[in-house]
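Two complexes come next, and they have one chain in common, subunit A, joined by subunit B in the first and subunit C in the second.
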Partner chain A sequence: MNQTARIISIYAADTSGFCSALYEYGGMVVIHDASGCNSTYTTHDEPRWYDKKCMMFISGLTEKDAVMGNDDKLIDDLVIAANKLKPEFIALCASPLPAMIGTDLDAIAYAVEQETGIPSFHVKTNGMQSYITGAGNAFVELAKKFIDDKSYRNSEAVNKTEKETTLKSENNDSNITGSSDINVINETSTISAASDKIKVNIIGVTPLDFPKKENCESLKKFIEESGFTLNACIGVDTSLSEIKILPDADVNLMVSSSGKPLCEYLYENYDIPFVKGVPYGIRFAEKIKDLLKESAKEKRNIDATSDLRKEGKVAILGESVLSSSLAAAFFIDNGINACVIETVGDGDFDILKPFDFRCEDEAYLEEILKDFDVIIGDPLFKPICHDKRFVSLPHEAFSGRCFTKNAPNFIYASLDSIEESNK
Partner chain B sequence: MLKSLNENINRIPEGIAISEIDYSNPFHDGLHYNPPARGVWNIVHTGMLIPEAHQIYVCAQGCLRGVILTAAEMNRMENMSWVALREKDMWNGEMESRVVEGCSHIVDEMKEHPKCILVYLSCMHLFEGCDFKVIAKELEDRYPDINWVDCYMTPTMRKTFEPAVMMKKSLYSPVKKLPKNDRLIGLIGCDRSTDKTSELYTIIKEAGYKMWDITDCKTYEDYLLLGSASLLISYLPVVGYAAKDLTSRLEIPHLGIDLSYDEEEIKENLFAFAKEINFDENRVNEIIKEKKSEADEAMKKALEIIKDTPIAIDASATPRAFGLALLLCRYGFNVTRIYSDAFSPKDQKAFDELCKLKPDIEVFPVMAPDMLFATEETKEKENRYLCIGQNSAYFCQTDRFVNIVEGGGMYGFDGIRHMAEMMTDAYQNLKDLKITISYKGLECESCL
Partner chain C sequence: MIKFAIYGKGGIGKSTLSSNLSAALAKRGLTVMQIGCDPKADSTSLLCPKEKITSVLDLVRSSKPFTLEDMVKESESGVLCVEAGGPVPGLGCAGRGIINALESLENKGAYKVYKPDVVIYDVLGDVVCGGFTMPMRKGFADKVYIVTSGEKMSIYAAANIAMAIENFKKRDYAKLGGIILNCRGVENEEENVAELAKDFNTSVLAKIERSPLFAQAEAKGKTIVDLFPDSDICKTLLGLADTITSDFN
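Moving on to the complex of A and B:
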């Protein structure tokens, strides 16, 4: 029966995704909630909570205020806290009850902004959707509020001039082969190339999908060692200044479904194309490197996994972009064919192939898995995999902090580590 | 030089002198911060106390997440299931059937029916005006071999019927009246075991009684034996509603003998208990004298070691934080801080005494937003404090702390003796703060 599970876990909700996405940007991030959303998020969905400060709070809604529609209490409390803590912005979202009674959080955000002068906004959540929706919408709202359009227009003008100059320089280079001045010209050309490195934004990095410090480090290492310049890493190890300069990038690397709405927003509004895929493995990472260049050059969105998938008897359970990327990496790096079983019920479904599955129902999933020989997934799926060979791949958004310490990191690294971590 | 408006140099919260606190309205109840101390039990931990029982939560994904992962961390997923509510469920008028069909599906998937299933409904059911009786009746009709228990995860009601209070009531609701056992006393309201060295156990043993404590129950049948008790006793505050329900359903008298750190109150409670079971008053006096002497000695010994080390106490450690502070101050300890949002009427007498005895003790809230920055102040003063409770340990950033919640199973003068020993141990043997307070549900199994 749909919406029911006997023994498996449940994915983090939109409220946690909202908080996770906005964690590092210096804002006051508030869930309109009675109690529970805060401890759930800060215990299970937020590995940064102990070591890194974030002004994440709940409103402490009571039944009396809910019944009487006492929104003034929330406005007053937000203003009091904001005046004391001076956040960069105030972001609001709703837990199930405010969503149910139709609390107008847009109006409340407006009132608070008027009162405090601090940029405020609302991200639509209801506690009944997945973390992907919450995080994805939060990234977009943050970008809408803080992208520095003025700076973008200026940089566009500069870029245009630079690109024209570069084109001239490239034409000159091709004409000077054999010239006695070749060494001097090559040196000039190298400097020019360095300053013209493709700028990349990594979009959609939240600890719910990338919980370990080394995950983010590997993503950055991949960008840098591939000869790109990292413009911004959105979600982790970041700051509000990175949001402001998002449009300065030439191309976006979308590493999770949570990053999709922002990638689409940047494509539609700033003409920045994106490449979908997590650079797992070595050869797949190389492929993504090439596609980032291609995407930047042709201004075209590219799914890095599209030609690298074949149906197989291995099932990868989880979020669509991460799982499809892993399947593609297995294919190109290790020659293994794998199907993806998208288990969140939310996110980027375009990346899935006809032989993949979408299944968030435990009983149905149990049936589907009978057709596979090997199952790769979070350990909390194991009870429904019976006698199949199970390869543990912890996913924070599903099992929280239960298995984080055992989670392998194969971003821009050999996939053999998944085998080693399961020995 | 121009300064950014957002550059706040004074985010660090300041405590309020205890003598300046308005006890009935101590702090503004605004936005809530959540410190990273996880030892306090929640309704999942409590529900797991019923042996061989299963829990089903019916609520929104965001609410499910916390309870499901509580069970996962306890390695108890085999006792946990869920039914998720979606947006459409709010409007389609099928809230009741969603519960009934969801629970039925889960039970049908099980190889064996559990003896008892706790079904947790949420704020959404409450606000929709869900008919809980219809749900219970339908489930009982479909599965008469299962004892269905209605439980509530309704945090919006926390100011009237808080979830912990409701949970305590649900915890004993499967217990039915059994033939009376004149020699059985039921201890209710405690999630964790009570020290067997306490006066309670000494009196019970000498009087020829046995104590029923849910933490000792290995089987569902052991648990149901509460229905045969001749007397119910409790010492923790959230059990009142459960005691009232049990008293009326099982016709067993209940005696409240509150956890206290006040000599007179402890004595009164012990005499009241002894009287209820016709235990010799002179012998009670002897036990009290002996246990009090041990407590005195332990406290003095602890003071010699701890000396004037500043001490902070928080309300997660004990329901009588002011009472404990008063006791320690009277022994000469240097209590300087108390962290609490809850100010119980039963602790007010101690509060008033403290105001006179040590009016400069600083009181801090726990959940106020600026408490997020409380640790900033103590960064350079790590391990200066000896703390009692996880929250105070976190705020004071100390590795010296007594790691207990809800009184820690200590009771009476024996409890004071034990507390003194734990304080000494905490002072001498440092704990890893971050790791120790990260475990959810103190003393529960953990996969971390």
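Moving on to the complex of A and C:
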């Protein structure tokens, strides 16, 4: 049977990605659906559910409301709840039912914003795509709503003046606050000052791909110990103020496919380039450090894995950016060649090599895996891996919280621990 | 970009009027895209009579990759023609089909690639569900023009459409641009339509007289604008095209 999962699990849907991406930004997050139970979307794959509050709701759509086109009920409920809870914003997304009947959530968001004055927007989902699409769309819509072009341009001008003023003071060897007259500043000095303070956004962090607290801490540690300034981490350990200052960064580090739409948006609209790759291992992390500098300087998007991959008998199953990064890290850190088998069926396919596979079909996957000696993937893949050596690498978007506590953390750390974690 | 939708009762002449307006606007040197939003997929038959246009949903149904060029056909008069199409009659969901077709068109970059000066959405007469309001949603048409005769049922349908537009005000949908009287020769026709316009605080933009030229042009698979350029009807249609463009300006 094609496109059927008889044995293995399936990935979290776009609605879960939407919830995960917006979890920490203080908004009222609403899924227009018949269900009244949040666990369908969040609790099973949301480690923050038990220690961080989030205003997450299901609209409770009924058959009668759907048939009669009773959108006013949703609008009224949203207005009542928003006036009571005073969220930073209201975000709406559709489950399959409203997506199929074409409920205009853009218009509903507009009506609610007019009524409450609270920024409101719709994130495109239909409950049938993967978490990558939902999270990716959510990050972009949030950025569109909260990056203030006008104030950004003003703050850019202020930052530029401040940087140059400081520089002038240093050049003059004086403690007196410098003039804001930027015309007198020497151009070479300005570039050098800017490159010393490269600001980096980490884009595309959700617990669906990075479930453990240590994952996010390691990403931040990598940025700071590499001599960069962390501008924002989207979207774990974050807040709405980080979204507003996203354009202040010099370069973005795209750590998952969920971060791709926002990276592309920031590149197209604010000329901020991005480096694609998760800093797994030690040498690969070093490589990413160098590429972040190069990308910021040359304003060029770079795939950190591009020349660090060779076909091998090891298969890494999962999301494309994380898996390709791990394969590149194995190559440069341990001399191991690995193929990536992209199993989500969604996300960044550009990062894949000709010898990699795209496979979301269980029967086909089972066949492909016969050609490998070692398989690295979520434990729920193990039943179709025959008698091959299987290395467990839990993925929250695939198996929820089942195996999270055993998940190793390779970010900015030796890959040798993979052996330890599987003993 | 001028984007408007033509609504009205089934059989009132929306597709004939849309095709003639497309031809008239093209004659004024504008790049026009006409999008038929009807499962019957016959909106542009007067513009492209020789070949049946493959509808967007036919392309989607084929499950094969398709390009923007597969969706858009240029008529002899230079009008870019698109048919949304629909499911097999009696099956599926036609409203969802319109949504899918318009989204496919946008996702393939139709407006960015062809850069039309004018986009006309010719919408199915019976607005039976949310899918058929898609052309008047934000990002699509900015104005809606309703075609009606003075007949009771036509005015009833036109009033329902005008009321829907009124109700959608708080959603930032398309605004009512005006009413176009397509005469059927019934008693008190002008008065009835003028009253409708007054009720909705709008105006009658044009009165299109009954004429045998419509049937003659249709028999030849042409628009009046192309086939009878010196006729009074053609002058009326050109005048209506100018009124609409100045309405946007």
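As a convention for this text, the second predicted complex is superposed on the first by the 381 of 423 C-alpha atoms of A that agree within 3 Å, B and C clash if a C-alpha of one lies under 4 Å from a C-alpha of the other, contacts with A are read in each partner's own complex, and residues count from 1 in each chain.
The definition used in the following text is that a contact is a pair of C-beta atoms (placed from the backbone, for glycine too) under 8 Å apart; a residue touches a chain by one contact, two chains touch by 3 or more.
Quick caveat: nothing in here was measured; it's all calculated off a predicted structure.
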Which superposed partner A:Ala111 touches (first subunit B, second subunit C, both, neither): second
Subunit A residues touched by each partner, larger count belonging to subunit B or subunit C: B
Contacts of A:Ala363 with subunit B and subunit C, given as first, second, both or neither: first
Which superposed partner A:Phe210 touches (first subunit B, second subunit C, both, neither): neither
Touched partner set for A:Lys86, first subunit B, second subunit C, both or neither: first
Partner chain(s) touched by A:Leu61 [first = subunit B, second = subunit C, both, neither]: first
Touched partner set for A:Asp14, first subunit B, second subunit C, both or neither: first
Subunit B versus subunit C as contact partner of A:Met100, first or second or both or neither: both
Contacts of A:Phe372 with subunit B and subunit C, given as first, second, both or neither: neither
Doubly contacted residues of subunit A, that is, touched by subunit B and again by subunit C: 100-101
Complex contact set, residues of subunit B against subunit A: 5-8, 11, 28-34, 36, 38, 59-66, 68-69, 72-73, 77-78, 80-87, 90, 98, 101-102, 105-106, 109-110, 122-124, 126-127, 153, 155-160, 367, 369-370, 372-373, 434, 438, 440, 447-448
Touching residues on subunit C, where the partner in the complex is subunit A: 93, 95-96, 99, 129-131, 133-134, 137-139, 168, 170-173
Subunit C partner contacts - residues on subunit A that touch it in the complex: 69, 100-104, 106-108, 110-111, 114-115
Complex contacts: residues of subunit A adjacent to subunit B: 1, 3-16, 26, 30, 34-40, 42-45, 49-50, 53, 55, 57-64, 66, 76-78, 80-81, 84-88, 95-97, 99-101, 126-130, 363, 380, 383, 399-403
